[in-house]
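There are two complexes below, and they share subunit A, which is joined by subunit B in the first and by subunit C in the second.
Now for the complex of A and B:
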């Protein structure tokens, strides 16, 4: 329906609905902060309330709930009643899914469209999972950081936990990352796939996996050094795998100083240098190096970096950098 | 922030533009036009915002608000709490109208729906009960005693999942917003029990991501005999400001129920603090908060992230303990907040206010009720430091006259907050001052005291300092 379409005939004027007595929202008039509904919305929801009251589950209820949902996709009670009607009628789930393909696309930001899909995918079982990943990829191509869509993808993967489904995920992350290396949702997805959902075939050698991820994230940092998502990923990989930050110190240091003139000639996968357009020093690298200093007991070196962050490179967080300094000095004093 | 535009550096693009960096650059350009003039302190246009709220209450909301037809108690809560933050109360006639409107949303089987005759749902249940805390009173028709607490408890238990989480409603999703809403209501109404919250703290802990903030939910894995595994238990979705506030506030409310054994769930506080401070935008973003890494600042995160700092003392993160340490003399300022309180106020005042009244995400967006409350609540959190006070706690202990050690602990933990003397920081002068809010509930301390005093049957000792 486009806004130009004439409104449909009200339910109150349709002979096939003549047996239903509409139910007004408020028994006593005069609510505070009332919404000034359109006539169409008021009419459709008056009939929905009547249906919920009578408990009718029929095809016309599917049409009515679809109508309400199109007018207000966040109407969770309409969704719930629709779901119960789908089950009661044994309505073909593939037909329902086709409608959902349209509605999720139209109302990307709504919780309910994604949850209804989830209920359907649950009932359809594993055969529905691979097509669902394809559909999700299509939506993410339009709305790269949609929270519900990413969370839904992660649910499909972890709920089924099927090797064939997991297989394509790192390639999928690459597609999204190549489109926007600053997309934090893609970085979170990578962490979810590699570290948080168990160990799958071919990934048993965790040493190799950690090495692979370090090479990957360093490469991405070298492309766009001031990318908080990538630095957070680097921290995450090291912390999750209980590796000291110090193992990446030579790499981090390259980003804490102005770019070396001859760095283009260096090919070092463990320490890829910043690209020619890099704006250095990089705040995230200074913070990282300070954390290395602190962990290695070099509190004065860490404090010098925190001071430069608070006074020059990251002034908005001055209080935090002061807090880190006091905390480090305090724990050293009491050690 | 006294920074002038000349020292405002953009977020570096590293000569590698992407969609994220281009939307960021567009936003910086708009925000630059809203930088405050150092010679003209910004003003909070209280009258304009009040008129915006009065229009919503009296004239009603335009048809585009139909998208929030399933959030009617929220529309009221945002309006009523925004009035409270602006130090305004409703007249008795409108209070009664609000009570009647809210009670029409209560389900005969317990809990509140998004409107009359809608299915009960945890989110509008929070909004309805908090609204009743503001406008309600004891006695018939006053709202408080009209809440069916027994059925509310049954409704909550009907949503409980084996991993300690809760569905937000029948056939609906699990997420930490719902858990926060449930825990606030159960705490206010004196219906929180160990049975209700068993496993919930572990669920919350499992939502913390590698970035330090919290996600919407986590996915449970079970053994063949249906035993929940500690690992894997992956977070669904990335760290997010709204979920992080809800998770942290839930964690604080659950503390009296944490088992005192070594197996109790834990959260990484250091990573959480780091994530929270990283969400504050740099000077060119006017010091507003964003909700996720590499996303844009938005006025509503003034509360969801800015307000979360007010919960840190409750989990033992207290910057002031280092105040007397060896390096104390180096810092000129006594303010030990971890967020930049002045910068956050400037964002709300300079970018958050719509010229026609009401507050917003960012310019040039229009104002709405949701952003009006969460910008004002964030402004409040930046002006006032409301922290747990051992002295206040002792006063409550001395006045306590009831049954149940755990019940008393819940009551004390919730009501021991007071504004720390001499820490008020108000950008733009005293006329910009707004009321303090309770860091967990987002109600004023006065309203929190009154409703909990009623349900726990306690006489609340008077507060020594001025009421907030």
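Now for the complex of A and C:
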């Protein structure tokens, strides 16, 4: 139904609904923040209230709840009653999923749409999981950072925790990353898949995994140096695996100087340099280097970088950099 | 920023903002029908906006406020799982709802209700029924609809925050009625490598849910084992602070909700209030934040998510709440400008008054 269509015949004029006595919304004389309902919505919800009251579960209830949901996809009571009706009728779940494919697409940002979907996927079990990941990928192609959609993907993966499902995830992250390397949702998902969802077959050698992730994130930084998501990922990999930041110092330093060194023919995979068009120095790299200095006890070197951040490269965070300087000097004094 | 270069702030359009929320309290247009199940939250944003602007007594009569309180109490219902508030009148007999209950109690507090009608054990019984085995809370008790798994997916950080706020409001004994340690564990599982918190375990760090998590960790009674133990280690705190501070956008002064996203006035509150709870409010550029909010004001009242956008009560309330938290932290020169432009707001509780959209 498109918004241009004329409103359907009111339920009150439909012979197949003649046996139902509509229940008006009960509101006393002085409602607070009342919503100016359309006649169509008022009519449909009058019948929804009647149905919920009588407890009827039937095919026409599915049609009615769908109607209410199309008018207001956030109507959680309509969703809830619909779900109960689907179960009571033993309604084919694939038919319901087809409708959900359409509704999720239309109302991407509505929480209830994803909630209902999750309940159906839960009942459909493992066979529905792989097609679900395909569907989610299609939706994410339209709205690459949609929080509900990513959350749904993370839920499908961890709920089933099936190796075959996890297998495709890094490739999927690559597809999203190639589209937009600054998509933090994709970076987060990569971290979730690699580090925060258990250790799967073939990934037991954590040393190798850490090395692989470091090569990956460094490459991405070299292609787009001013990408906060990638720098956060680098920090995350090191912190999570308890590696000192200093192990990437040679790499980080390449991004802290105003101009890249002359391009070399042989690229060192451990230390890929910034691309030729890069805007340097990179603020995130300056900050990273200061953290390395601080951790190694070189407080004056760290303070010099914080000063340059606060006064020149990252003035919005001036007070934060001043605080970091003060804190580092104080803890050195008391050490 | 040196004093001479501080640009003056646009004036706080106080009367226009009051008009915006009074309008919503009297009628919401059909185009916003999706708010039908969250009227109580809208009421909370509107009433709290009036409270923040110090306009409740000035712009409403005692009789009007009494009518409002009466309407809110009319949504207070007793179910098989305790007593709490239902979302509004759209389903005549609908069951009580956790986020709604939070919004109703906070609205009543803003309206200086005496809570003599509140059945405290009843509310606590409701809260207990909403808590799940993983420590999180669902918005309705699971067995209410003969479908045990119905609320499975709806339990999230918003509900935990609302439950914790309600315990704080009910007072000390309430905390013993829920499993605090389990809930705190759930919050811990929502923490991410960036230093923020997501809506559910596995989800991306987001400003709103990070505020909710930080506020919960502050509200939760301390565990004594044998010494009082802080809920966040110094290291975890510094990490969260780092992420929050980096969400302030250099170009506009506004805050982003997630790394790499555009700034939005509501995240000025979520990040700003989280920093306040962490006692790190002096580590950000308060002038740039206030200036961003001032520029999000809509010409005919209300505040939008970004300059040039359309306003709504949610952004209006949260943006003003952020301004209330930060105008007292402005550097002296810009404070003079801010107060000349009307940006002096009532003191504000950063912990309980976040709302939970």
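Here are some notes:
By our rule, the second predicted complex is superposed on the first by the 329 of 335 C-alpha atoms of A that agree within 3 Å, B and C clash if a C-alpha of one lies under 4 Å from a C-alpha of the other, contacts with A are read in each partner's own complex, and residues count from 1 in each chain.
Methods note: contacts are C-beta pairs under 8 Å (C-beta built on N, C-alpha and C of every residue); 3 or more make two chains touch, one makes a residue touch a chain.
Keep in mind that what you see is a predicted model, and the values were worked out from it rather than measured.
On the superposed subunit A, the two partners subunit B and subunit C do not both fit; they clash.
In the superposed model, A:275 lies in contact with subunit B only, and not with subunit C. In the superposition on chain A, A:122 makes contact with subunit C only, while subunit B stays out of contact range. Contacts of A:72 after superposition on the shared chain: both subunit B and subunit C are touched.
Of the two partner chains placed around the shared chain by superposition, neither subunit B nor subunit C is touched by A:9. Looking at the shared chain after the overlay, A:240 reaches both subunit B and subunit C.
Shared-chain residue A:158: touches subunit B and subunit C both.
Once chain A of one complex is fitted onto chain A of the other, the partner contacts of A:219 are absent, as it touches neither subunit B nor subunit C. Once the two complexes are laid over each other on the shared chain, residue contacts for A:325 go to subunit B alone; subunit C is not touched.
Once the two structures are overlaid, the count of subunit A residues touched is higher for B than for its counterpart among subunit B and subunit C. Residues 23, 25-28, 30-38, 41, 45, 49, 52-53, 71-77, 80, 83-84, 114-115, 118-119, 145, 147, 150-151, 154-155, 158, 182-185, 187-188, 191-192, 195-197, 227-229, 232-233, 235-236, 239-240, 314-320, 323 of subunit A lie in contact with subunit B in one complex and with subunit C in the other. Those residues of subunit A whose C-beta lies close enough to touch subunit C in the complex are 23, 25-28, 30-38, 41, 45, 48-49, 52-53, 71-77, 80, 83-84, 87, 110, 114-115, 118-119, 122, 145, 147, 150-151, 154-155, 158, 182-185, 187-189, 191-192, 195-197, 227-229, 232-233, 235-237, 239-240, 314-320, 323. On the subunit C side of its complex with subunit A, the touching residues are 1, 24-30, 32-39, 42-43, 46, 67-68, 70-72, 74, 89-94, 145-147, 149-150, 152-154, 192-194, 198-206, 239, 243, 245-246, 248-250, 253, 258-261, 282-285, 288. Residues of subunit B touching subunit A in their complex: 3, 11-16, 18-21, 56-57, 60-63, 65-72, 75-76, 79, 94, 97-98, 100-101, 104, 113-119, 121, 169-173, 209-211, 215-217, 219, 221, 232, 234-240, 271, 273, 277-278, 280-283, 287, 292-295, 319, 322-323, 325-328, 330-331, 335-340, 343. Residue ranges of subunit A in contact with subunit B, taken from their complex: 23, 25-28, 30-38, 41, 45, 49, 52-53, 71-77, 79-80, 83-84, 111, 114-115, 118-119, 144-145, 147, 150-151, 154-155, 158-159, 161, 179-185, 187-188, 191-192, 195-198, 223-229, 232-233, 235-236, 239-240, 274-279, 282, 314-320, 322-323, 325-327, 329-330, 333.
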